[in-house]
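Read through the structures below before going on.
Look for chain A in each of the two complexes below; its partner is chain B in the first and chain C in the second.
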Partner chain A sequence: MCSLLRGEEMCLAQLFLQSGSAYDCINELGELGLVEFRDLNPGVNAFQRKHVNEIKKCEEMERILGYLLREVKKADISLPEGDVNPVAPLPKHVMAIMEQLQRLEVELGEVTRNKEKLQRNLLELTEYTHMLRTTRNFVQRTSEVSVSFCHVYEEFPFLEKDTLMDYSSMQRLGAKLGFISGLIQRTKIEAFERMLWRVCKGYTILSYAEVEEYLEDPDTGEPTKSVVFLISYWGDQIGQKVKKICDCYHCHLYPYPSSNEERTDVVEGLRTRIQDLHTVLHRTDDYLKQVLMKASESVYTWVIQVKKMKAIYFILNLCSFDVTNKCLIAEVWCPVNDIPTLRRALEEGSRKSGATVPSFVNRIPTNDTPPTLIRTNKFTSGFQNIVDAYGVGNYREVNPAPFTIITFPFLFAVMFGDLGHGVIMALFALWMVLYENNRKLKNTRNEIWNTFFEGRYIILMMGLFSIYTGLIYNDCFSKSLNIFGSGWSVKAMFEAKVWKDADIRGNRVLTLDPNVTGVFRGPYPLGIDPIWNLASNRLTFLNSYKMKMSVILGVIHMSFGVILSTYNYLHFRKKHSLYLVFLPELLFLLCLFGYLVFMIFYKWLVFTAKDSRLAPSILIHFINMFLMQGDGVQPLYPGQTGLQVFLVVIAVLSVPVLLLGKPVYLYWLHNGSHRLGMYRGYERVRRNSEEELYLMRAHDMEEGSSHSDLSTSGERQTEEFDFADEFLHQAIHTIEYCLGCVSNTASYLRLWALSLAHAQLSEVLWTMVMRVGLRMDTSLGVFFLVPVFGLFAVLTVSILLVMEGLSAFLHALRLHWVEFQNKFYSGTGVKFCPFSFSLHLSVT
Partner chain B sequence: RPGFLSFNVNHGYLEGLVRGMKAGILTRTDYHNLAQCDTLEDMKLHLQSTDYGKMLSSSEEDLTVSMVDSKLRENLLTEFSCLRSNALPPLSTFLDYITYSYMIDNVVMLITGALKQRDVAELLPRCHPLGAFDQMAAVGIARTPTELYSAILVDTPLAQFFQDAVSECNLDEMEVEILRSKLFKAYLESFHSFCKTIGGDTKDIMCPVLEFEADRRAFIITVNSFGTDLSCTDRSALYPSCGKLYPEGLSLLARAEDHEQVKAVANCYPAYKIIFDDPEPGSGFKTLEDRFFEQEVKLNTLAFLQQFHFGVFYSYIKLKEQESRNIVWIAECVTQRQKSKIHNYIPIFQETT
Partner chain C sequence: MPSLLFCGPKMAACGIVISIWGVIMLAMLGIFFSAKSAVLIEDVPFTEEDIRKDTNPPQNIYSLYNQVGINCFIAAGIYVAVGAVSLCQVRLNKRQEYMVT
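Entry: the complex of A and B
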């Protein structure tokens, strides 16, 4: 409990690790996750550290492993996952793993390269066949329409008058007709055609047709559509150009057969070759799968091992060598309670590595602020997270989390008060709690779900508290439960002859008078009387009740926060703050708002139904208290004006005390300490905890006087004092606190507003949806009720539970962060993050 | 100001993205650490801790400088195509404009390569991927600028810059450089007027940057033309006319005949005076090019001081390019063991962000 309130006590320790056993020791510590390492060579670059080569090796292995994992995933082989937790490999075993990995990589690389080559080959052959098949159609078509073709040729001279050679002269020169054929991606064909036309001025003819099948692109692996084309051209120069253009568009060119016989021969040859290739590819695939299967068995283990190894070397890089170079020195933050475990871990590490000289721990005194460690369990961690989201507490500061466990769900429930909704919420959370070990719930990647799952205990508590406040408000899906029987009686009104039958018939609304005997038989045993649910002035009644309740809860909550600050002052030996900060703060709060709470209770207790007409407005009294003019208003009790003036004076007087007290006192202390040498020694004893002082003394004896210099320099640091600085801080604090008291009290009215909104919304949902279904008189209404109830249920869950719940959660969060925690919690600490494998590891 | 209201609707996401990416630009300490490296492996290790992450570690073979260079370019291309594919007009046009300068460079490189009888397959990997386009490989076919235009580039966005560049003379090395200058002139002028039409902060940010770019080209053309047979009138036809030098400075530049005269022209403009000033003693010699780069970086960093404009995209790409140049320079120095020159990189953001 103490550790939850204040956090663990931490100490700085030096680990002397024999260089032979350092690796094993760090490994041991990593498994346990006990200590946080400090960087002892902050000035050294990453690549100049001691174990940079080992880290590089680990990275190389990680690269290979990444490659393996990708290949395994590509081949659709499932990784044998499991809760295996292999230990980090010994340095001497690393080479073996490395070799194995490299062998695998080479093997895999060769096989995949082969496979790719084969696939490329296959693609080429298929393309070639397609080309041959398609171009045959071109040629056939051309021969059919050769007559019309001729006309086209003859038109050339007219179209291209500026060209030097015309068709006939070309024929005379015997320029050879050449063919280039190949495949091109479909998207590029148009641009290709255009450029061909522009560059070659029409001395080419391009015919093309689309291939029906999708061919796989060897580079990206995506199926793409291709186009087979055939270019006929005249002259070698044009041919060169055409070839260049083909290169530019990444066409796959294939030789064009000169005759039909050759064509059929080639097609035949291709077919057999494709078949051969298919069988070879099949074999390669099988082999590849085998290799991958073998690799996948151990790849998971390797990944974890390499990660652990890399982490260990990373930590070793943080350590420094001692003078003799025989042992490594590491500085760690460690919880004091864990030091025996730490010792045992080091012994274990030394034993494992078979070192002759043991590694050991040495506590060293320090002036640095240690990191904060608050141990949590699955129940408290959620609440601790709420606090940590605001700020991690300073070392040994009072931690609001244990109080938040109760206050947070309670304030939430004040806003969410509904029995039915609370039950649903609690059941949902209970389900999560009961099945929390279920892997499916635990290991989802759904972020939203994880948020809910992590907060399952908070939700459970919120649900349970909502049930309680729901009972107090007597609200269950906006209806009231009449468990004990209402304390009001309508019948008594008739018996007393106040009402007659005509009154009932003539009026829609009648008022029950509690002053008539028998009408009000005493309060309902638990919460609000159910009869209020029928009353038309229900809202007026509840508003007044909830508003006052909000103020009462708020003042109590804030006073509690202020009182908690005493724990900090006492622990950090700032007794002066107790008198100069805490006392004026509490007085200011209680004299003003504490008195308001008193008046609320006074009014509740003193005025009954009989003299309720005389009941005063607290608001007026409260305002008059500040204006200091009580005339014209009936006093609540004798001596009211005097008491009120007294309280206001105290409150006003506490402001200058709060503003000036602490800075002036510190100033006096600082100046005084120069004159009084004795005082300083006294301060030193008070400031450091006795244990630390003892340690320091023991250390001084060990190392002579070398350390006392250090401690005095540390002492000097704390002595630096700037009055202006201190005063400014205190002034800001004072202004913030005094204004905050007013605004924070008002802020607690959100309890009332949100609870009102929730109640009204659920009532609206009932009247607008459910009542419509219940109003149907015919037997059809039964069937009608089913969809109506469905709608009602969906809206209840989505709007009232989820949306309203989130908003109430948000407001409860705000009340804790702003209104409660700023009274005592600074939250500027650093979280203790131990070196632990379990925090670093997550496969892929 | 126009566009303030609707800017975030259309371009807010991308601006946020680019500002996030800008935060990943290497800082002083990064360069300091990189400069201490002894091998490329060390550099790789350090770059892993920056936004480049695993960029260099995915390859099996040993690192070389050219591999680093191509990886950096690939990285830039990925980032750019992410921006481009999410862009809406007019930002998409703006981003396209950025690529045109790379396209021009690629075209010129391919033609020079073809003149030297190099194989296209060998040249293509050396082209900047930001300026890649379909017809690129066919550029070598062209013999004259007219042919280049009418046959190959007419479909590309570069066609609009060819109005002045069309000529029938055979492409030789000199002619190619002239072609490049003419294309750049047309490109810069067009980009400049495009930014003007967008108006608002884009204009305020981009115009000075482009004016600087135009003037830089004018200076460089002048300095490079010394000792060639390029006449004054030829030269003045190549100067982009959208810079601060236009028109008086350009006419002075056209008449300049040696470095001193160029310096005299620059002295009239405070922005360029510092570039041509003699280096302060002790600060080490820097080439004219580096000084211009330095100035460019300064101008580009200014773009990030304002919001709701496109300048950040241009500046980011340019800064990233400079960063690539820096890394390659350091890598080059590291492999050639030239530790003394390693500090000649141009740091981008002075403060450690």
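Entry: the complex of A and C
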């Protein structure tokens, strides 16, 4: 079993589907999401496949459904929320759905077009009304002037009555006065005026006024401001020019009434027409809404049904048609444990379609590497995702995910290490976990929220581990908690007469001496002593501690990675790798860096406060170990030089073994014995001992191959063994490993660096924000404390939790991906993507 | 009666969260100040005068500690009020949501 450690065992199977029941069988398989189909017609392009017409029909239906959905959304109708899961329709029902959709589309199209036309009409009438009203104001002014002259000039009665309002020409003057009136957008009016002036050179008079209300522009639908203008021109040619200019500026021109009576008549008529139009538009809107509401009830169901149908036809296109047997053949990758379920699904499909001959499944042997399937539940899927983001594992390779469940939150917590922040993070994650079935949380479109929600279990673990490391570092919002009572006593310094009262006043800092009796009463039971929070040399002490802790954790993590590679070697039956690769690697790592860890522990355990002045520097000893100079400094323990020389020699000797061992061994293996011919190709034979055959072939294949990574492609011939290629590969691996050991160990120092950064940021936030509020000693100071705390809370969440949290997450992830996984994980596999409706549907 | 709703659902939720956090944290700070914790010495507004002119050491510092502690408790009380207001806002928001849809 152990699916999470290694991945499921997969096999290649052939499905023989009767033509009549193919659709139903694939329907069943889609609902279950068991198998991944292989493309049996790779050379055929999309337009030459068998079911291309059905797919075209599906796409046509999808187009109409998309249009319907857009219209429904525009009309603000809410769609039914429920989790519907309708089955894919049978081919005979498809025509009915298609018909309904087409009818709906035609109806909606008609109604929308009518509505647009009516709205355009309404706009025109409104503009005309505005124009008439505004131009009356123009004329009102001038007619007051002309009224005073009206009784003077008798022979020009026409003139006096309404000089500027005359639409027809004034024959007596031999001149033709014409009027053009209309509306133009406000943004264009100045350019328009200037253009008129330039072209017509003063033979036109333009008066304009702005319309107060916003009119909707018919093309863009946005409310725009328009200006009513009235051009009076002199002469026919000028009139042509003016008309052309008006065309250029997209003005809406309306006929100018010749007299006041005509004007009032037109206004009346317009008013009634506008009222009518409003009523008609209202009714149209209502009708449209009704149609859309009726459609919205079934739109979602149709969308899902059409998608499922399209997916089934897509899969049917991947199958090949076996003419002799009158059935379809499909090749699928299937987990071995699911073959009975697969059989049952095929039987179910055959039964549903009423076929007489059942479809069946047949397992076939293959040389190809199957895709990797790792079954996860809601807890492990988050961790598996972050491992897969680096690379999906090879088939049956050790999966780092189960170990990541613990090591990742732990390394994060080492870098984050604050009790208060850990509590907040854990509570936030707990809320997400408890409400994980709340649909509103699950189905939001916000990408960032979805990322956090998917990783809710990871965040919960990170929070819980941070609480633990917060207790160890004794850091809660940058203050230490004194739970057990500090192990240091200041009073003892006075009792021992080392300090006097004058010392307190005379010195800025004083040092507590642990060698004085009573000052240091023993280590704090859990974590760092709270007195360090008050010490000014706190960072000196913590830095030393955290750096050593980082190196220790790093060496442990890396050794664990190297040990995991043995699982791979044993499973893929490469015993030689165990001795020629794993052993030198482990010796190199432990002899050098394992010894460093040993020295750290030795110094911690052996040297006490009494001989703290004589305590040696481990770094100097480590460097001297390489330079083989042991004489300058005092040895840590008797026999140190000898042991160190021994360890260095072993480490140096393991390098050539790592470099040459495996290529030379494989070369000897290939040229020293005869190889059997490889069993190639696959056959459609049903066998009981398929499993053994498969394993034997896999074993042969891998024994003869150069490296597990290279043995994935299909028809490789493994008769030849390329020594140069293998040697080069191993050389690169050796160099990478040996140099990597040094650089990766140093890389783990980021655990120290980030925890220091977090602690300092936390302290700065408290000092600069919270302390200001607490130190207020006025009586109104308490009211100042309330907003200060609010600010402190917001900054804590945004800077310390979000920013530092993401930073620590990233660095912990990097440590896993690079330093841990490059010791054993290749991650060049292919992920198993089963044909499943839920996967297809969730994409959109 | 004009609507008492003045903030949206998200703001009200933030208000509740900060209020709960404020109540718990300020109450604990108040307890620690009253217990005269040494770690919090820097947050107490004492001056050189207080220490030097102390007739009965360390009572001056202790009374300052108590004062800050009481300040914290009062602030916690104010946050209880803020939390109650936020809770009302959340309820009003929920009711409005039901009425619209």
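Just so it is clear, the second predicted complex is superposed on the first by the 599 of 844 C-alpha atoms of A that agree within 3 Å, B and C clash if a C-alpha of one lies under 4 Å from a C-alpha of the other, contacts with A are read in each partner's own complex, and residues count from 1 in each chain.
Keep in mind that, in the parts below, a contact is a pair of C-beta atoms (placed from the backbone, for glycine too) under 8 Å apart; a residue touches a chain by one contact, two chains touch by 3 or more.
Source: prediction; values computed, not measured.
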A:L785 touches, of chain B and chain C: first, second, both or neither? second
Which superposed partner A:R38 touches (first chain B, second chain C, both, neither): neither
Contacts of A:H733 with chain B and chain C, given as first, second, both or neither: neither
Touching partner for A:V52 - first (chain B), second (chain C), both, neither: first
Contacts of A:V199 with chain B and chain C, given as first, second, both or neither: first
Contacting residues of chain A [partner chain C, same complex]: 78, 424, 477, 479-480, 482, 530, 533-534, 767, 770-771, 774-777, 781-783, 785-786, 789-790, 793-794
Chain A-touching residues of chain B, taken from the complex the two chains share: 33, 36-37, 41-42, 45-46, 49, 57-58, 60, 120-121, 134-138, 140-141, 150-152, 154-155
Chain B-facing residues of chain A, complex: 45-48, 52, 55-56, 59, 63, 188, 191, 194-195, 198-199, 241, 244-245, 247-249
In the complex, chain C residues that touch chain A: 18, 21-22, 25-26, 29, 37-45, 64, 67-68, 71-72, 74-75, 78-79, 82, 101
